[in-house]
Amino acid sequence: MLVKRYISEGLAHFSYLVADQGQATVIDPRRDVVVYLDEAAAGGFHIDHVLETHRNEDYLVGSCEIESITGAEIFHADSQWDYQYGFPAEEGQIWWVGRLKIQAIATPGHTPGSMSYLLYDPDGNPWMIFTGDALFSGDVGRVDLMGQNRLEEMAGLLYDSLFTKILPLGDGIIICPAHGSGSVCGAGINDRTWTTIGMERKNNPKLQVDSKEDFIKTHAQMLERPPYFKKMEQLNVEGPPILGKLPWLRPMLPNAFSEAGQEALVLDTRDQISFGSAHLAGSLALWSDTLPKFAGWFLPYHQPIVMINDQLSHERILRMLIRMGFDNLSGYLKGGVLNWSWAGKQLEKVEIISVSAFYQTVNNDPDIFVLDVRSADQPWDDGIPQGVHIPLTQLKDNLSEVPKDKRVYIICTRGNRSMTAASLLMNQGYQDIVVLIGGLTAWQAYLRNEV
Amino acid sequence: MLVKRYISEGLAHFSYLVADQGQATVIDPRRDVVVYLDEAAAGGFHIDHVLETHRNEDYLVGSCEIESITGAEIFHADSQWDYQYGFPAEEGQIWWVGRLKIQAIATPGHTPGSMSYLLYDPDGNPWMIFTGDALFSGDVGRVDLMGQNRLEEMAGLLYDSLFTKILPLGDGIIICPAHGSGSVCGAGINDRTWTTIGMERKNNPKLQVDSKEDFIKTHAQMLERPPYFKKMEQLNVEGPPILGKLPWLRPMLPNAFSEAGQEALVLDTRDQISFGSAHLAGSLALWSDTLPKFAGWFLPYHQPIVMINDQLSHERILRMLIRMGFDNLSGYLKGGVLNWSWAGKQLEKVEIISVSAFYQTVNNDPDIFVLDVRSADQPWDDGIPQGVHIPLTQLKDNLSEVPKDKRVYIICTRGNRSMTAASLLMNQGYQDIVVLIGGLTAWQAYLRNEV
Amino acid sequence: MLVKRYISEGLAHFSYLVADQGQATVIDPRRDVVVYLDEAAAGGFHIDHVLETHRNEDYLVGSCEIESITGAEIFHADSQWDYQYGFPAEEGQIWWVGRLKIQAIATPGHTPGSMSYLLYDPDGNPWMIFTGDALFSGDVGRVDLMGQNRLEEMAGLLYDSLFTKILPLGDGIIICPAHGSGSVCGAGINDRTWTTIGMERKNNPKLQVDSKEDFIKTHAQMLERPPYFKKMEQLNVEGPPILGKLPWLRPMLPNAFSEAGQEALVLDTRDQISFGSAHLAGSLALWSDTLPKFAGWFLPYHQPIVMINDQLSHERILRMLIRMGFDNLSGYLKGGVLNWSWAGKQLEKVEIISVSAFYQTVNNDPDIFVLDVRSADQPWDDGIPQGVHIPLTQLKDNLSEVPKDKRVYIICTRGNRSMTAASLLMNQGYQDIVVLIGGLTAWQAYLRNEV
Amino acid sequence: MLVKRYISEGLAHFSYLVADQGQATVIDPRRDVVVYLDEAAAGGFHIDHVLETHRNEDYLVGSCEIESITGAEIFHADSQWDYQYGFPAEEGQIWWVGRLKIQAIATPGHTPGSMSYLLYDPDGNPWMIFTGDALFSGDVGRVDLMGQNRLEEMAGLLYDSLFTKILPLGDGIIICPAHGSGSVCGAGINDRTWTTIGMERKNNPKLQVDSKEDFIKTHAQMLERPPYFKKMEQLNVEGPPILGKLPWLRPMLPNAFSEAGQEALVLDTRDQISFGSAHLAGSLALWSDTLPKFAGWFLPYHQPIVMINDQLSHERILRMLIRMGFDNLSGYLKGGVLNWSWAGKQLEKVEIISVSAFYQTVNNDPDIFVLDVRSADQPWDDGIPQGVHIPLTQLKDNLSEVPKDKRVYIICTRGNRSMTAASLLMNQGYQDIVVLIGGLTAWQAYLRNEV
């Protein structure tokens, strides 16, 4: 028997393989499905079924990909939408994985047709529940995806799902949600990697409410919504294009890369230190470690993408983008920026400032322009007093607030968003930009150290 | 953050790595510690601490091995014994792993000084408990290790540990025991791979008792005790010899192997089908898939061991034996039994009989001698009517019950013990031996199919 | 820079990756091309070109597979045939791989349009030659593929290719042939894994001739030709079907396997010891270690194949078959023959005899029937005096020579062909079959040991 | 059979495993010997012998390491020195590896007792020669290690070894030298990865001489000699300390790293772009890709070393240093420089200038100070006209030539040495330093592009 969780880096998406006695079921697979296939092959399990907890909005689901290989039957939730593949999962429906029973429980709220799946142990006792985006460790699903109009309705549905269907299953049940800490699907998700109904009942802040009204009042909120969600929602109903295998990434020497970059977007996945030091004119800074968080905001679906990446694994980036439907990443600069420099080609820099120098600058010159690009849900008052707040994701629409004739100091929580902001501004013609390396994390630590 | 379980195949021993923010703690490590070190290195964690839940009797603990590499401090339970390494863990003692607190809770019963370790989540809530051999999924620890005299005393201690210390922690707590299904430390352990206090409280048969007396009455039993336990108990107090790395296994061509076999025990790890068909005279049949269950009964500590193995991974067997202190495995027959045959050397066989032929034999000849070597805790009445019951582990001491002048049919649950029994008998001069391939599992399936 | 050889197990097919400065060329790729792609990706090389030395007859070439992934241009030899993909390679044509030049040299003989490719080092000196099936280490290509009519013509062409085009390149040139020891394309190929023109000129027995006439006289011979060659020849001109990824192998529990076996051929890849001991009725014995040698004789293209395999890697067998166009392997028996036995299902055996017992049998009973199934090109007179010689590949057409009313002892070189022969005979209704384990290798070693 | 070459990155050291029929021999093993052991274990080969071609001066030989594990017998050349392990290899001595013969041939010149080892194929024909540092692809061994006094004597010995012992073996013999392109043991070694006597005879520039005198005259030269050579020479005669396994690298959070750095040397292995942008005060810049070239010049043996490394594999660096006897690398900064910044700690930068800006600077201001730190054997006249030439390895001894009161522009071939020079100068109190990113490679490419 095997119950295994797979974590998609950056998206913090959790998927699961449940296997017993030659059979296997995957819950909410990601699109690059080789991990499930390899595990199943190693254990001698045949993947018969794929279960989806809801129409996912933040990644492309791999159900059709698995079906194309093993012939698995797909069961999807949210059958109110016009699915072009698989079968609808019905409330109470049962599947078997060897000795293990799985049962569908309708838990709407995040989407109108969200399903949870209750797994029983070999002796027939309720054991684990796959809650999708209904219930996380430390948070519950967002309810704003149906729009402002249905906000309270959806929050009410979620309340009922949580308090009348999931929690009554008993404290001892293990919860297997669709996301972990770092997901755009729940800012409050913590990293208690395994959790139970008992622990959530006691410790999940969203469940500490007096009444349904109370829950609706506090939880019915519109949140930021990356533009790529729309694409994911559409493709996840249509059935995402079948990959078969990962696309080939073409290594390009500087001249070829230069030519490709005429048409393609140049994505630079290196960190703030490297990008600041030397980068290609016109490139977009999106650090690999947080790439999935921002790719959906800034990358195009209808333009080729070529990449600069100083890690050994180009495939890591490819997988991240493929999971979000960016099948248009076509190649990378072989040898990276050093190779570009050896070809005698032009390099740009973004000035970076270390925290001690910035401290002096701020203290000496109260009139400096500080652009704070932290996310909208950040508590704003702990930044630099001078900070003008424009979340990174809203920067392009608010350029008028950023002076072109003044040095612009950019800050954020850790420095990564700042460098992305810097690359966006430079591509808009801004020239005098300085990024605080390490961001407010560095700032606050510096203040603590100094005192 | 990382909480990861490692399963030692065959022993069904579970060990755990808990890691956060550059620090790591290992609970009950096995002796080949490279898995912990690799994981820690990959995540940038330094192993500061090793915690032992009790003096283990079924494998050599890897605590000193880790200490020799990372300098970790070792804390052991059972400090009533004369430990020659590490520090005693005290009731209530606290360790930190990054943001995670671990606290010792004395839970005697399996051994007099058994400890459990309660892990808190990053917010300070009780989260998981490492119960060692106190509480398993579906079973509780055996209480007979202190001998018949202290049987009831230990059972009483265990009752108190379970009912007054562990269960009151709350249903939502996740249980991380030291063994899973298949261990010699609990015949009733099931394979609900992750479990909680809530699930055990409801479903663990050993916890469904009315009173302490009831618990003691049903649970205070002497069980089979493999002879190697004594060696493990001694070395785990002294500190097992440091390995550094895995020993080198010498590949031997037939002539060299033949010479080595003069002095060494020849261990044949192939399955019943292969061993029956062709094997070396004098070799001992112990199938790799169940090797750790029987090695402690039949392998010597003070004689070299050489091996025949038809799987690709000789290292797999090496690891199994090293974990049990058999550092005397020195080499293997390169090319296996086929290579032996190509050298023109002698091969023996054990007659095997398939279930349909055996069915006819049993029906036609009520006087055949059937030796049933299933384990002592098996319900005996579902076998072959003629079966004479001598558990495999007691066979050597009961040879007088096995006739030398008659064909001996050997049966067991699946056929593996039978082949080991056959090899033992052949080495005692028995000549007319037949093994039922597939054992009683095949027999019962055959009867079902036929009806 | 990188020049790397890939060996396809069993077929002993050699393919090569040549890479420099971001570019790569593959010579004679096999069909499962992930090895080339992974290596190229790891080194940052783009595969621009695929070069074929000739129309291959013993495996499916992976050229189109690579083209489908990287867009490489394919150049094939033997353009006298009606190729449906790629471009013809012309005598003298040049390609560049970074700093490295590759030049085509027409070397007909094995096929009418065979090409060799001469690789120059970065300084422009001739360095290595990819000789395809023209010249091997210790042998030269067979010349019988165009039929008896053109036998001498082709031998003459090969002589000219070898003596007027390849050898004059100079002793220091390194030879990279398309096959190594064990290939059906040259019985005399030795395992001098790297060789040079100088070493072949001196040591290759086929090159020690006085004249073209001498060469033709000794080398113009019709050889055995496995029936699958025809399929390979056709598909390699048409372009083999694109795989994309390896097909999924379905693990099957005994009941499902039993059902599948109604329609499918059951291929048992275990060795003679295991197959003899217990196997499924009707199954075909083809040992994994020599599978590619015999698959083309005994496996069907238009019937599903299901497999029994006791090694961990089912993929290994899948790859072997895929390379020969057997895309019809669909699944395997999960848990192998042991699992089959536990389901109470029927098992058969083939009697095996060890060499000492066989020695006595032969000496005691001069009238026994011994079937010697060694290959046709074997020196026959070193076997058992009583041996009736029918090569395994001709057995089906010569069943009338094998008595059904007599015990049939089967021998071969090492015992593997014997077990295949045994399974073929059993499927034809033969019942009293005995296989000499270890074959004549064991026999001769036994005689040496005894004397 | 197996003949495999292992390349130690950076050192460009080649070692070899020769294996056949259960036996294996390693030639010139490196100190981290797991590659040989794993390969031998996978193929079922026992390593009986280790052969050394000479007393190595540029790395620690792994002979004793292998002996400690498999019990192999070690044979060393240069027995005129006082070896404390193994046996001397004698001219003409023979070893067997299965069917393969190896024979010692004395080929002095690089050292007084250098040996080559001639490998015969299974049929007994001379096949490959392991030439150590006598003969490389494109170069021959240096002859200056015995000092100026014996320079001509050693060159004469080498001439005789090459022209009377190696070359006469015949053009078809494959050469397996101890070093490839990039080694400090031969600046002219090219990357013709496999070569033959024929190819060297024709193409190796050092072999194109008219007479012994001619050879001595051109080849008898004193070359740069890294200070660590002395340590290697001593330990390779004594027998290097046995590792057993790789040492543990401690991951350190910023505070712990800061503390460790009080005493330890801080080695920063990131490239010029990252180091220039932000680094720790006092750290030494040695880029991982060329680390083995410079470690022996700048790292201490008697001071702990802690590391900053932005690649995933800290082990890669560890291996590089271990091979050179730097067993004092003890840990690394977890999370790298970003993590350091988030802790609010101080960061420094080195100004870098891109080639176009530098071009303007040079043209506008003929008085700038340009420090050219390319190696001593570089043709100096192709640099920047203003360049003052001080090879990196001689910089510390020539600080007086570098002004402290002026901006110092540093250039080299590709920019890496420049950044090391910059870090050395900063640690000497220099403050106004600018590094030309991409070095003269960028400069020359820029000029070509511009014209």
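Order of writing sets the chain letters: A, B, C and D. Residues in each chain are counted from 1.
Everything below uses one rule, namely that contacts are C-beta pairs under 8 Å (C-beta built on N, C-alpha and C of every residue); 3 or more make two chains touch, one makes a residue touch a chain.
The structure displayed is predicted, hence computed values, not measured ones.
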Considering only chains that satisfy the touch condition with chain A, which of them also satisfy it with chain B? C, D
Could you tell me which pair, C-D or B-D, is linked by more C-beta pairs in contact? C-D
Separation of the C-alpha centres, chain B versus chain D, in whole Å, is 49
Gap in Å, rounded to a whole number, between the CA centres of chain D and chain C: 42
Return the residues of chain B touching two or more other chains; collapse runs of consecutive numbers into ranges. none
Contacts from chain C onto chain A in the complex sit at residues 21-22, 37, 41, 44-46, 69-70, 244-245, 248-253, 314-315, 334-335
Flag every residue of chain C that touches chain B in the complex, lowest number first. 271-274, 276-278, 310-312, 337-338, 341-347, 349, 352, 354-356, 414-415, 437-439, 441-449
Over in the complex, which chain B residues touch chain A? Could you list them? 1-3, 121-123, 125, 127-128, 170-174, 190-194, 196-203
